[in-house]
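Below you'll find a set of structures to go through.
Look at the two complexes coming up: chain A is in both, with chain B in one and chain C in the other.
The block that comes next holds the complex of A and B.
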């Protein structure tokens, strides 16, 4: 089913706020963020189209199966382990940023590790589920969030306090030199297609992923909103002084009905759900990658009860996240997020190169027995 | 079947949750003092700031005039220190989550405003949508007032702003986020509604506006000019235009206002403010000028243009730009730093033209 794929595209795009993407872009708003956004729209769309087509060439195979089947064992293992680290740390960073935000805006007297522990516990449970369950859960949570997302976006765009002058002035800096950091940050918004790395196992042979225009349209919209709306609310100069830029922006909108007039709480509620979705997905994927390093592992998309290894792996992810929370503070987290954004962007490009090479070198001679390839996928290696 | 082991597991999980929740620092609502309004004044000594808090006293009665509040004020070198000292004067924990009004005393703004705004930005519990205003003569005097019409502590002042309660064309609404934006932004300056205590000592009088540049207070408008500013800058719909035509007072109640700003090309740009307002005649003799609406419209237009132009020059000469002409100029031409420098040198001598189009939609229920 194609629609499950687009859920990933949308919530991964939205979670950018927790990964310092708007903050990074806004810090560079006069020094190359705007051209980076323009480039990322084209580059992101192209990458998405190409990567999707490449994955579809390997029906019912996730990233680890493809690598294990066609690459030498050591190379495949290295790549899979690197991917595992990348995916796990994505969830980790989001959980940390989110619990920091909650601590700041909800109850600063709270023990900072309490909330991250609660989030970690939820993410561990989510991550241990089987791939099919994760996929269904994403749909349900995203549907529950949809009204909140729409309300927030409408509230922001149609606010009469939004200064379109400030937005226009910032957009005028399109002729500056694009900075690489801004580009890496902006590219994250388009990163949703990467979830095929595991969820391609659920895509049967001869499936066409149609409506691919959804990716450029939605992701561009999300990117423009997450960059320009804070500028519209806080001005070209004032916007630079805030760390929790989107929380402050949500707080600048007002609801005149009901007993809660701060839109901030709607925003925090929405991001509770989105953070959980993202953490659940990344940790589940990372666990799947890690498991497939074992030579005898055969991936199963539907399992109940789940194997104990799921629990052990996800629990250690949780432990590592707690350790990270002990080490990190706002500036260290920002630094780590930047490195993560760089790494993720490079991994996107690398994936395209590796897949294309595999397709060119390995798959062509085996054109005739293409059908047998998936079945022998993991046992071969 | 749920196994025994699972039940025990869930039990332990719940028990551990209650254990951690005890440490989450949450205070019961009846152990909190909600700050509903806050005032900043200069202290008796030069290095002191006087902070005034209006605290809501929780009460079971919700009736007009029954709302009780307590006023605490203290002088300290900084706002943060004053708040900590006030905490030692009250029996409950201060909670700023419902602080919806922040008033700066007139004298504070005359001395400079930046330092005192900083605290509000750093505190996460201060709403960015809190209303900001200037209190005259000082914030303590204004906050001391307890209007009879208050149902909830402090709600009289809250309802005055925004569009929740009264919608007056003399009251300008300024939120904290907009105020801090204007303090930093190039090409636009801040404004604050002026809050005074009414003569009958039972309500607030908010009918003036104060303009500030990036440092301090520069100009206060009178009530008529305030309404003109509200129409021409804020496009406020529920206002009136009143002009005497041939010594007969004519009042037009507006229903929609649209504005457009044009800049002429050239080294020193000239600003044309185009304004289109439609409305209904609320005060006019019947069959005035033979009932020829177009003639009445033109006469209103001419008088209105003059009024707004005078106001624009007055604001320009005070060295402030609350309309955001500079910002709009930069955005029109996608300007950069150089253009901003040019604008800054041009603004003090810039020329304004106001071209309004008044449309009388209806003449009310009579001809």
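The block that comes next holds the complex of A and C.
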């Protein structure tokens, strides 16, 4: 069962490209992106280790159960609703960015909302499934994607057009002052451990999540590739001119053999799968959070057939995403993504604080517990 | 006794009823001659007539397991209809089992043929099927639960499983669903499948039909449940996963690498048969730039004479191939090959030369048809056959990107399916993954 956890780590790491993480980092490449990456490797690893250990202290409980059980109702409800917004908007941003990418690079003649609605429909379809189904589907899709991921990474690293000199020059800006935005962006690559918020329900009690070194190793690798490879292809200055930086970078590579010549199409195919996986997971989690706000809700990981509430919640997510697509353009989407990255980073830190407090209070005797809960509530909010 | 039976079977002239008398005892006898075999002669008539000895006859009545007391008059019609003979001697009724079986040896495999594996298949006789299974799965823990379904046909059903390995929750669910089966004439496994599956399992089979006793034995050893039906030469297996449908018995008998190669090839074939016609539409009409330039030119060149959009071309060719497949099943065997030649070779060639379809489309159609038949299971092959039309529809609207999205949705759908509570598509390690629902705490 532990292997499912690492699938989340890997695809959340990879989806960073759709959330403007490489773009944000590259914009700040001379002003603090490199030190931010270095910090994020240590901070991200530490955060992942601590959060995983904290979740394992609450066996088979997701985030809503933990909050609902140990916190006063209003506070728990506020936190859960905020988390819902955070998770849902993650899926929303990714779907919008990917639809824009497809519109620019694949179907320029198509009505942009037509393709957005297809992506939204697929995400609703995925998000309504029960937790176990989502987990199984993630494994299968990631297995199907693995050859594409490998092909893309191999092509990128071993391309003779990759200028290692440019990479070395950019890496030299390690002694600049790290910027907070770069740090928040870089931390997203490590964010996969957060999926335990729902999927911890499926981790059996007294499981040990072993092989945690996978997180620093894979995520660091993903981050270095997604930051440095575009710089290697476009040069230290030229790289700053592109918004959809990775699509352009993928289009800089050629496959000599086979039916397809431009690596761009491999990249787009891969990110169709990754985007939908991410959207499915975030919307499913958000729907689970929202449902748990109802006082009589009992979380179930296996539901067949799926309840109608799943459909309603996910359909409204879809409607909101469509509204967002009407409102947003490239610059507004970039702005929203930045806010989202900030919010997500703060939520990660907040989660650690809240969980540690709960754990401290839980360890104390019952009598004291009742007195200290209101205190911690005021200090949190 | 006879009066009562005659009343029940009023107009049934094929029922034989008579009071026999050999000088010592009178005996009332009733049976359907059409449903009983020669055993009635050796079992009743000879010992009763010229070899008669009252002591021996009485001893035979008590010791021969084919004789059973039949004191309850309500059971008589049922027994008669199942091929038993009823006799009444000295005010006591006995039934004698003498049902005729037409099958004395196993069938040949017809749908799931294998090159070097066993060639025997199930027959339409339940007893023989149970024998075939017991012979291959020879352990005392093999349990058989008898059922009778169908208000008119009253078909006997055996639910077979290894009680040491079986998942009790699956068995419980099966019993519950069997209780709900409401059907008049149960004549084939397909009907039972429809009754046992959920309403929303519309596209993919979640129960496996197999005619091979060796396959059923392998499945039993994995803790699955088999359902045998009298009068059908297929066993039902549950719960199953998608991989079971893609598994041919030859995979177990070939050497390791050969079978791995075959399995991988089969999955590639399935991918091709689902995606290829849709991809043709997407690439020709939406994104010809995906292919390298030479290839794109070749495809476009071959379409130069075709006057309509690619999806019409696809529909023409797919209609032809589906009609051909359907025709070759219904046609008598002697005409079948002629139809294939005319339909496949001559028509295809002519359609291309007439400029109605491109030559690439002919290749696509052939690949689709051939790949579809690589799938070892017929039901699954039908499901896949239908699936490609969804991809064609989405490709008409969205092109290649639509195919990728729909493929994702298909995977989610397959993961969403459950076969008797077990996941349908998942790489997972046995029953231990079935997590107890202890996460339901107060929230």
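By definition in this document, the second predicted complex is superposed on the first by the 362 of 381 C-alpha atoms of A that agree within 3 Å, B and C clash if a C-alpha of one lies under 4 Å from a C-alpha of the other, contacts with A are read in each partner's own complex, and residues count from 1 in each chain.
Assume a residue touches a chain if its C-beta (ideal position, glycine included) is under 8 Å from a C-beta of that chain, and two chains touch if they have at least 3 such contacts.
Source: prediction; values computed, not measured.
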item	value
Chain B versus chain C as contact partner of A:107, first or second or both or neither	both
Which of chain B and chain C A:63 touches, first, second, both or neither	neither
Chain B versus chain C as contact partner of A:219, first or second or both or neither	neither
Superposition-derived comparison: chain B or chain C, residues of chain A touched	C
Chain B versus chain C as contact partner of A:202, first or second or both or neither	second
Touched partner set for A:273, first chain B, second chain C, both or neither	second
Chain B versus chain C as contact partner of A:86, first or second or both or neither	neither
Partner chain in contact with A:261 - chain B first, chain C second, else both or neither	both
Partner chain in contact with A:237 - chain B first, chain C second, else both or neither	first
Common interface residues of chain A - those touching chain B in one complex and chain C in the other	107, 110, 114, 261-262
Residues on chain C engaged by chain A in the complex (per definition of touch)	198, 200, 286-287, 289-293, 295, 397-402, 404-406, 408-409, 411-416, 418, 423, 425-428, 433, 435, 437-443
List of chain A residues in touch with chain B within their complex	104-105, 107-111, 114, 117, 161, 163-166, 168-169, 171-173, 233-238, 241, 244, 248, 251-254, 256, 261-262
Interfacial residue positions of chain B with respect to chain A in the complex	20, 23-26, 121, 124-125, 127-129, 162-164, 175, 177-178, 180-186, 188, 324, 327-328, 330-331, 334-336
Contact footprint of chain C on chain A as seen in their complex	1, 60-62, 64-65, 68-69, 102, 106-107, 110, 114-115, 118-119, 122, 125-126, 129-130, 132-134, 136-137, 139-141, 143-144, 201-202, 204-205, 259-262, 265, 268-269, 272-273, 276-277, 280, 292, 295, 297-302, 304-306
